[in-house]
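Please see the structure below; I have some questions.
In order of appearance the chains are A, B and C, and numbering begins at 1 in each one.
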Amino acid sequence: MTSMALDIQGLEFAYPDGLKALAGVDLRIESGERVALLGPNGAGKTTLALHLNGIKEAEGGTIQIGDLPLSEENLGEIRRRVGLVFQDTDDQLFMPTVGEDVAFGPANLGLRGDELDARVNEALAAVTASELKSRPPHHLSGGERRRAALATVLAMRPDLLVLDEPSSGLDPAARRELLNLLQELTITQIIITHDLPLALELCERSVILDGGAVVADGPTVDILTDTKLLERHRLELPFGLDPAAVRDLVPRRA
Amino acid sequence: MHAPDGFLNAGTAVATGAVSLGVIGTAVHQSKATLKEKQVPLAGIVAAFIFAAQMFNFPVAAGTTGHLLGGALAAILLGPSIGAIVVTIVVVVQALAFADGGLTALGYNVLNMAIVTAFGGWALYRLFRRILPNTAAGVVAATGLAGGGSVILSSMAFSLEWLFGATAPIPFDTVLGAMVGVHLFIGIGEGVISGLAMGAILVARPDLIYGARDLDRAQMRDRTPIGARTLVISGILVALVFGTVVSQFAADSPDGLERVAADTGIAANAQDHTLDRFVFADYATSGIGNEALSLAIAGAAGVLITLLVGFGLFAAVRGSRPRRDQPSGV
Amino acid sequence: MGAGHAHALYVHEHTLLHHLAPEAKLAAAFLFVVAVAISPPQAIWAFVAFAAAIVLLVRLARVRFRFVAGRLLVIVPFVLFAVFIPFIGSGEQVEVLGISLSVDGLWSMWNIIAKASIGATISILLAATTEIPDIVRGMGRLKVPAVLVSIATFMIRYLEVIAGELGRMRVAMTARGYDPRWLWQAKPIAASAGALFIRSYERGERVYDAMLARGYTGAMPDLGHRRATRRDWAIGAALPLFGLAVALAAGVLT
């Protein structure tokens, strides 16, 4: 019996200058799903992500994470359940060493001493970054930073992982490492990305967000083979990608 | 500049240390209300910005370069208390982690480079804003003038510390003349760079500037240039401040009064004031051509600095409210 | 005006000094320099004793003398001023090689040079044996207010990031033929500094969001760093006790 990991209904949000960023978003994701969130720049994808853990406050609509509705009182638990990996890793790795960054989250949850240490090591091992523990973030490569940022979030044992452009700026090898990593994680994932091959390889389902609303929602292969749909929303398949040809290789909804 | 250990005597190090601790302690306490938790990473990153900005040089003349101090700019951007705190942290970390500035010199290094520049600079900024038009150009000009003035105030403060804590037989008036004279030029550089940087920030994100939050949209867009009259008044004010320095050069040549005193034998007694030897450092007053005038100028400089820094502190503690609603950061 | 160095002085080694708790080192360094600062310059033997102690520490820390000498250059402007003093100083004069030098001035020169170089060497040793985040943490353990420690922690994390951005801006400008020699040509530099401030400010807001996302509720959590033990304090006390003994003897005997 699959449970609902995320349930967004009618989400609305406008910037201080009046610009409507989210105009009624509906989205339901089941536990264990991997969903790619696609769309042109400025569609509201990052803004939507920032609503999921209460950093931005909606003006209308509801958000439910698992069985918990998003509200002021629940913010602590919500922020444990939703792990957000930011687009710019320098914003997220703000402590002098990676180890301290990874410890920051669980320490805020109350872990101390050996328990905290164990959690840090567990998270770093999960992203194969154990050797980065005492390194300062600004001395790491892009791929190492991305894995470290992921570890900071995994350390809180979230139920829902939201990644904002995780493969941007990575060289092919680092990208492959990241992809394999995400493949192994069984946590429910929302991956905001322009990297359509990544979406095709990892996510059985894709959602297109444009103008602050969901304009398409379905199996990734179907979405990516609909060239007119892609064109309407400023998306384009990279040269040489033929989703139809790999239809049998991509993940499918159970 | 980051003075090393041993430059001023122990008494001065302790006294300035106590003053610095008191002022920064007050600033921390007072800013607990305004330094919302949101601003802690912000203050840290701005501190990094100031630190980095101090490392880079800007051209002054014929290829020689100068460095920014940034205290006044920090105060105008973040508010005087947080500005002073931020620059203090820069100075302290420079001493502890980069061996720049003596550990026992922290008292006067913090006082001169963080407290006097931030609070004194803020006071100068408020004064100049009052006489300059309430426009973006006014903010830029006030920032520039405050930036330049803060550097000169800082050098005056150091000279006053020399008066009480000199460890070398160089008279106070020589130090004052040299320090302020040199910093007049450095101040021009700091003023120009601060003003130009403020101009760039105003164009893009005026809402980030603490010292400009009283301007509404219309005033911000007002492009009328600053009139000659206001610039002249500002110039006169600045000149008055530095007049204390210029008059130092007159102090060394005996004036009419002194000649009279020498003729009637009063001067010999006047030079032997034992009282000031208890207060001022052994060396600071010997060798001065006209001790009374020098000390009077020192007094005036001291009063000026105290007034300005005090005004800056008072304004910070009072925490003036912005006159228009700030859009709350989401 | 002095320009701070962005190059950390830390020299990676495993020595007694390196492993000593930072708060003990900070206190020891400060108290020792106080002892040096209050010693009368006439007691030349005292400064020889201080120098001997310093040499011992430099060997103990396995720091190369050449390294220390290089970093000592920061006091050169003040040394030059000190050398100048006997020539322009007032008071009793003495003839040296036909030049009239002030006796008091000579003592002042010695006073400043001795204390400045000893003080600077201790500072260099402190920085060479203690990583910057540990120095900041040591400050906190010595009762520096938590908010100042937090601000300092973020500062050191982002210093290289921002210095790097500033450097890249300069490179970009130079690449377009910008070679300013006079103050009125500095507008692009100042404008780029302004732009950098804005970017830094906005990054500050994003870092705060990232902290919220990992459960930050206003106070930095205790991440379990090792605290100074009685052994640390005992070892640390050796230097200032020595210094104070010498200073007292010098004061009494002079």
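As a working rule, contacts are C-beta pairs under 8 Å (C-beta built on N, C-alpha and C of every residue); 3 or more make two chains touch, one makes a residue touch a chain.
Since the model is a prediction, treat every value here as computed from it, not as a measurement.
Undergrad: Chain with the smallest distance from its CA centroid to the overall CA centroid?
TA: Chain closest to the assembly's C-alpha mean: C.
Undergrad: Taking mean CA positions as centres, which chain lies farthest from chain C?
TA: Chain centre farthest from chain C's centre: A.
Undergrad: Per the contact rule at the top, check every chain pair and give me the one with the most C-beta pairs in contact.
TA: B-C
Undergrad: Could you please state the distance in Å, as a whole number, between where the Cα atoms of chain A are centred and where those of chain B are centred?
TA: Chain centroid spacing, chain A to chain B, equals 49 Å.
Undergrad: Please tell me the distance, in whole Å, between the geometric centres of chain A and chain C computed from their C-alpha atoms.
TA: 43
Undergrad: If you average the Cα atoms of chain B and of chain C to get two centres, how far apart are those centres in Å?
TA: 23
Undergrad: Could you tell me which residues belong to chain B and also touch two or more other chains?
TA: Within chain B, the residues that touch at least two other chains are 41.
Undergrad: Would you give the residues of chain A that are in contact with at least 2 other chains, written as numbers and ranges?
TA: 94 - these are the residues of chain A that touch more than one other chain.
Undergrad: What are the residue numbers in chain C that touch two or more other chains?
TA: Those would be 132, 153-154, 156-158, 161, 203, 207, 211, 216.
Undergrad: Note which residues of chain A are touching chain C in the complex, please.
TA: Contact set of chain A toward chain C: 50, 53-55, 76, 79-80, 82, 84, 86, 88, 90-92, 94-97, 100, 103-105, 107-109, 112-113, 116-117, 136-138, 152-153, 156.
Undergrad: Within the complex, which stretch of chain C touches chain B?
TA: Counting only chain C, the residues touching chain B are 1-6, 8-9, 26, 29-30, 33-34, 36-38, 71, 74-75, 77-78, 82, 85, 88-91, 102, 104-105, 108-109, 111-112, 114-116, 118-120, 122-124, 126-127, 132, 135-136, 139, 145, 147-148, 150-159, 161-163, 166-167, 170, 180-187, 189-198, 200-201, 203-205, 207-208, 211, 216, 218.
Undergrad: Sort out for me which residues of chain C touch chain A in the complex.
TA: 132-133, 153-154, 156-158, 160-161, 164, 203, 206-207, 209-217, 221-224
Undergrad: Can you name the residues of chain B that touch chain C in the complex?
TA: 1-7, 10, 13, 25, 28, 31-32, 35, 37-49, 51-63, 66-67, 69, 77, 85-86, 88-90, 92-105, 167-171, 174, 186, 188-189, 192-193, 195-201, 204-205, 208, 283, 286-287, 329
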